[in-house]
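I've put the structures underneath this note.
In what follows, subunit A forms one complex with subunit B and a second complex with subunit C.
Right, the complex of A and B next:
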C-alpha cells in the first residue's frame, strides 16, 4: 500500500519536473531557431511560482474553479495509467482507448472553465478547440485500431513488452504509417503551430486562456507540464519501444536506465513537434479539419488495413 | 500556517525574472517593441513575454502619448490586472506631454491617473534605454520598492478624483455599457420602453 503511494508520488513529482523542463526545452529550441538566446531552462518554473504567488485572484463562479481542477486531475490520472519504465501504479489497467480518452479530457475541463467566464474570446476559443478535438478523433482512432490489430491486445503494457521481442513498432511498415498519423495528431494535442488554432495568441487573445489569471493560470501551467510529459511518454511507449532495460543485475539501476532511455525518446518526440511548430504558420479551423480528415486518416487507415491482413 | 515571508526572496526573484507584458501599445513607442522582442535585443532572456490577455500580465508598458480616449482603456486594463502589477512609462509624453505639451487632447501627467513605477525619458527611447528601464524595474522589484499597485490602493481617492475630473462622474459604467453585450442589451430594452 505504502509502496504504491510512494510510486504514485514519485511519478507525479517526476512528471511535473520533467514536464517543466520540456516546456523550457521547447522555448529554448524555438528561440535558437529564431536566432535568439532564449530564456533559461527553468523559466516555466519561475512563471508558475510567480502566477501562484499573485496577491489578487479573480473567479467567475464554481464551474470556473472546478474546470481547472478537473483538467489537472484528469491529466494526473492519465499519467498514472501509462507505464513509466518498470514503475507503474495502474499500468495493468492501462487500456489504449482509456489513455487516449484521458489525454483529451483535460481540454474539456478547460472548456467548461473558459465558457463559464462569459468572455467572447473564450467562447470562440472553446468552439475551435472542440472542432480540433473532433478533427483529430478519426486518424487517432485508426492509429489505435492499427496497433490493436497488429499486437492483438489493447493493453499498453503488453504492447511495450511485445516490442522487446519483436522490435520497435515503427520498424513494422503498417505501424510506421500509424506512427506518422499519430505524430501529426500529437501536434494538435500539444497545441503547436500548424494546429494552434484554439489559442492563436495574436488573433483571439489566447482563446480559452484569456480570462485565467493568477492561481488558475498557475494550475494550468502545471497541468500543461504533466500533459506534455504524458503525451510524449505514451508515444514513446507504444511506438518507440518504451523503456525496459534488463542489462544490469540490480533492479534500481535497471529502473534508472529505463527512465533515461525513455527520456531520450520523449525528447526526440518533443523536438520533432517543436521543429514542425517553429517553421509552419497557422492553419485556419476549416483547413485543419480538412487536413485531418484527409491525409492522416488515409495514412492511418492504410496502416490499419495492412496490420489486419 | 506557513510563514510565507520565508519564501519572499524566491517569490521576488520569480516576479523579477518572469514579467509578462500586456500587449497594449499606445502612440509611437509600439514600434520599439518588435526589435526588443525579436533576435536583435531578445527580451525573452529575462523571461519577458508579450501577452494578449490583461488577466495574466504583470508589466504594463505605456509606449507613448496618452489621449483621454486611450486613458479610459488604460485605466480599465490596469485595474483588470491582478496584483502585483507594474507600470513602465516610455518616453517624454507620459512624463510631461513631450512634443504635445500644448495639445488640448493629450494627457500631460500620466502619474496623476495611474501610478507609474519607472519612467524612461527620451523621444523615443532607443531599445537600449528601454532595456535600462527594465533593468531598473527588476532592481526595484527585487528590493520590494516597486509598490505602484499598493500606492494605487492607498491613494485611490486621489486617483479617482483626477480621473473623474477628466471624464466626469460615472464614466466607468458608461464605458462598460458600451463594451459588455448583456449590459448593452439591457440598455437598449430600457430605451425601447
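Right, the complex of A and C next:
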C-alpha cells in the first residue's frame, strides 16, 4: 500500500517537473527558431511559483473553482493510467479509450470554469475549443481503433509489451498512418499552431484562460505541464515502443534507463510539435475542422482498415 | 430574423487589446463566429496636438508634428514643412529634395516591414514576425547612422533639410541596399508563396473598389482595392517624377486582378519595399551637389517666416499608410500659424475596413484591422458640437468631465482630484 502511494507520488512529482522542463524546452526551441535567446529553461516554474503566491480576490462561483480542480484531477488520473517504464500504479487498467478520454476532459473542466466567468472572450474561446475537440475526435477514434485492431487488445501496457517483440508500432505501415494522424491530433491537444485558434493570444487574449489569474492560473500551469507530459508519454508508449529496458541486472538501473529512454522519445515528440508550430500560421476554426475531417481522418481510417485486414 | 437577434452577442474589442497596437475600440456584433456589425469608437489616444500647436511657432511645430506618430514621424514633419513652404513661397534646393526622398523611402521600408511583422503575428506566425523585424533592424540602424535617431529623425526643416548625406552616410545606405537585396526575396517568398498564409489572407476583409472610393480609402488600402492613386505620383511631388515613381498595384506583385482583400494590401506593401529600395538607389545616383537649405540659420528662418508666410498652404505626401494632408494658414507678422490641421490616412481606411470586415469571421478581425496599418495616435481628435454651436474643450474642461464621470461610477471614491502643483500656466 505504502509502496503504491510512494510510486504515485513519484509519478506525480516526476510528471510535474518534466512537464515544466518541457514547457521550458518549447519556449527555448521556439526562441532559437526565431533567432532570439529565449528564457531560461526553468522560467515556467518561476512563473508558476509567482502565480501561486498571488492572492485571488475574484471568484465567479463554485463552478469557476471546481472546473480548475476537475481539469487538474483528470490530468493526474490520466498520468497514473499510462505506463511509465516499469513504474505504474494503475497501468493494468490502462485502457486506450479510457486514457484518451482522460486526456481530453481537462479541456472540459477549463471550459466549465471559463464559461462560468462570463467573459465574452472566454465564451468565444470555449466555443472554439469545443469545436476543436469535436474535430479531433474522428481521426483520434480511427487511430485508436487501428491500434486495437492491430494488437488485438485495448490495454496500453500489453501494447507496450507487444512492441518489445514485434518492433515499434510506427514500423508497421497501418500503424504508421495511425501515428501520423495521432501526431496531427496532438498538435491541437498541445494547443500549438496551426490549431491554436481556441487560445489565439493576439486575438481573444488566450480565450478560455483570459479570466484566470493568481492561483487559478498557477494550477492551470501545473495542469498544462502534467498534460504535456502525459500526452507525449502516451504517444511514446503506444507508437514508439515505450521504455522497457532489461539490459541491466539491477532493477533500479533498469527503471532509470527506461525513464531515460522514454524521456528521449517524449522530447522527440515534443520537438516535432514545436517545429510544426513554428512553421505554420493559425488556422481559423472552420479551416481547422475541415482539415481534421479530411486528411487525418482519411489517413487514420486507411490505417484502421489496413490494420484489420 | 427578429428571433435570431437574441443570439447575437456584442463584444468589446479594445480599447486595450493585445491585437491592437494602440488604444482604439470596436464593438463587434457577433453571430457565433460571424461578424454582423462593427462599431468604431475613436478618441482613446487624443493628446490635443493641434491645441498645443496654437501656442508654438512655425519652427517648434516641426518637432511637434514629428512626435504625433513614431512610425511616420518623417511624413508628418515633411508634409507640414511642405505646407509652410507653399504658404510662404519658399524654394527648396534640389539636393534637399533628394535627401527628403531618401529619408522618406527609408521610413517607408521600416514602416512596411513593421506592418508585415504585425500581420504575421496576428495570424500566429511568430517565426515570420521575427524574420521581418530582424530585417527591420538594419533600416533602423541606417536611419540612426544617417540622422542620429532611430525614430524621430528631425531631418527636414522649412526650406531644406538639416543634415547632409556625405560619403560616409552614403556608404552605410549602400550597404543597407545590398543587405536588403538578399533579405527581401526571403520575406517575399514567405509572404506571397505560402499556402497557409494565402488561406488566411485571401478573401478576408474584402474592400471592394466601390466601398474604397465611397469611404475615400488611400494608400496601400486603396491601391489594394484597385484605386490607382499615389500622392507622390498624382501630385508630381518634388523630384519623385524624375525618379520614375509609379503607384504599385497588386497586379504588379501577384499577377492577379486586385480583389481588395488582406492579401492584396500586403502584396502592395511588399511591392513598395522593392520600389523604395530602387528609389533610394536612384536618388543616391542622381543627387546633385549644392546647398541643403535655403536659410542656413534657424534665427534667419524664424525672421523670414514671420514676413513670408501669408495665406494658406497645403502639403501632400504619400505616407506609408496613405495620403497625408497638412493645412497651414498664416498671417504676415505673426510667428505662429493661425490654423494647422493634419488629415491622416487611417481615418478613412479604418471605416472602409470596418465595412469590409462584415460577414467575415471573428478570427479575421485583428488581421483586417492590422492590414490597413492603423495609426490611431494621429487620427484621434475631439470637437464638441452642442446646441448647434461648436465648443472647444480645454484641458481643464476635460479634467472636470473626467472627475464627474469617476464620481458617477464610484461615488465613494476618496482622495482629492485637483491637480498637484501649479502645472502648466495657461
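What to note about this one:
Throughout what follows, the second predicted complex is superposed on the first by the 306 of 309 C-alpha atoms of A that agree within 3 Å, B and C clash if a C-alpha of one lies under 4 Å from a C-alpha of the other, contacts with A are read in each partner's own complex, and residues count from 1 in each chain.
Everything that follows uses one rule, which is that contacts are C-beta pairs under 8 Å (C-beta built on N, C-alpha and C of every residue); 3 or more make two chains touch, one makes a residue touch a chain.
Keep in mind the model is a prediction, meaning the values are calculated, not measured.
After superposition onto subunit A, partners subunit B and subunit C are found to clash with each other.
Within the superposed three-chain model, A:228 lies out of touch with both subunit B and subunit C [touch as defined at top].
Of the two partner chains, subunit B is the only one touched by A:57; subunit C is not. By the touch criterion defined above, A:34 lies against subunit B and subunit C together after alignment on the C-alpha atoms of chain A.
Of the two partner chains placed by superposition, only subunit B is touched by A:217; subunit C is not.
In the superposition on chain A, contact is made by A:286 with subunit C only, not with subunit B. In the superposition on chain A, contact of A:201 is made with both subunit B and subunit C.
Shared contact residues of subunit A with subunit B and subunit C: 34-36, 120, 201-202, 205. On the subunit A side of its complex with subunit B, the touching residues are 27, 31, 34-40, 43, 46-47, 49-51, 53-58, 120, 201-202, 205-206, 209-214, 217.
Against subunit C, in their complex, subunit A makes its touches with residues 30, 33-36, 120-121, 123-124, 127-128, 193-194, 196-197, 200-205, 278-287.
Subunit B makes touch with subunit A in their complex at residues 10-11, 13-15, 17-18, 20, 38-39, 42, 44-47, 51-53, 55-56, 58, 81-84, 181. Put simply, subunit C touches subunit A in their complex at residues 9, 11-12, 17-19, 30, 32-33, 120-130, 134, 194, 196-197, 199-200, 361-366.
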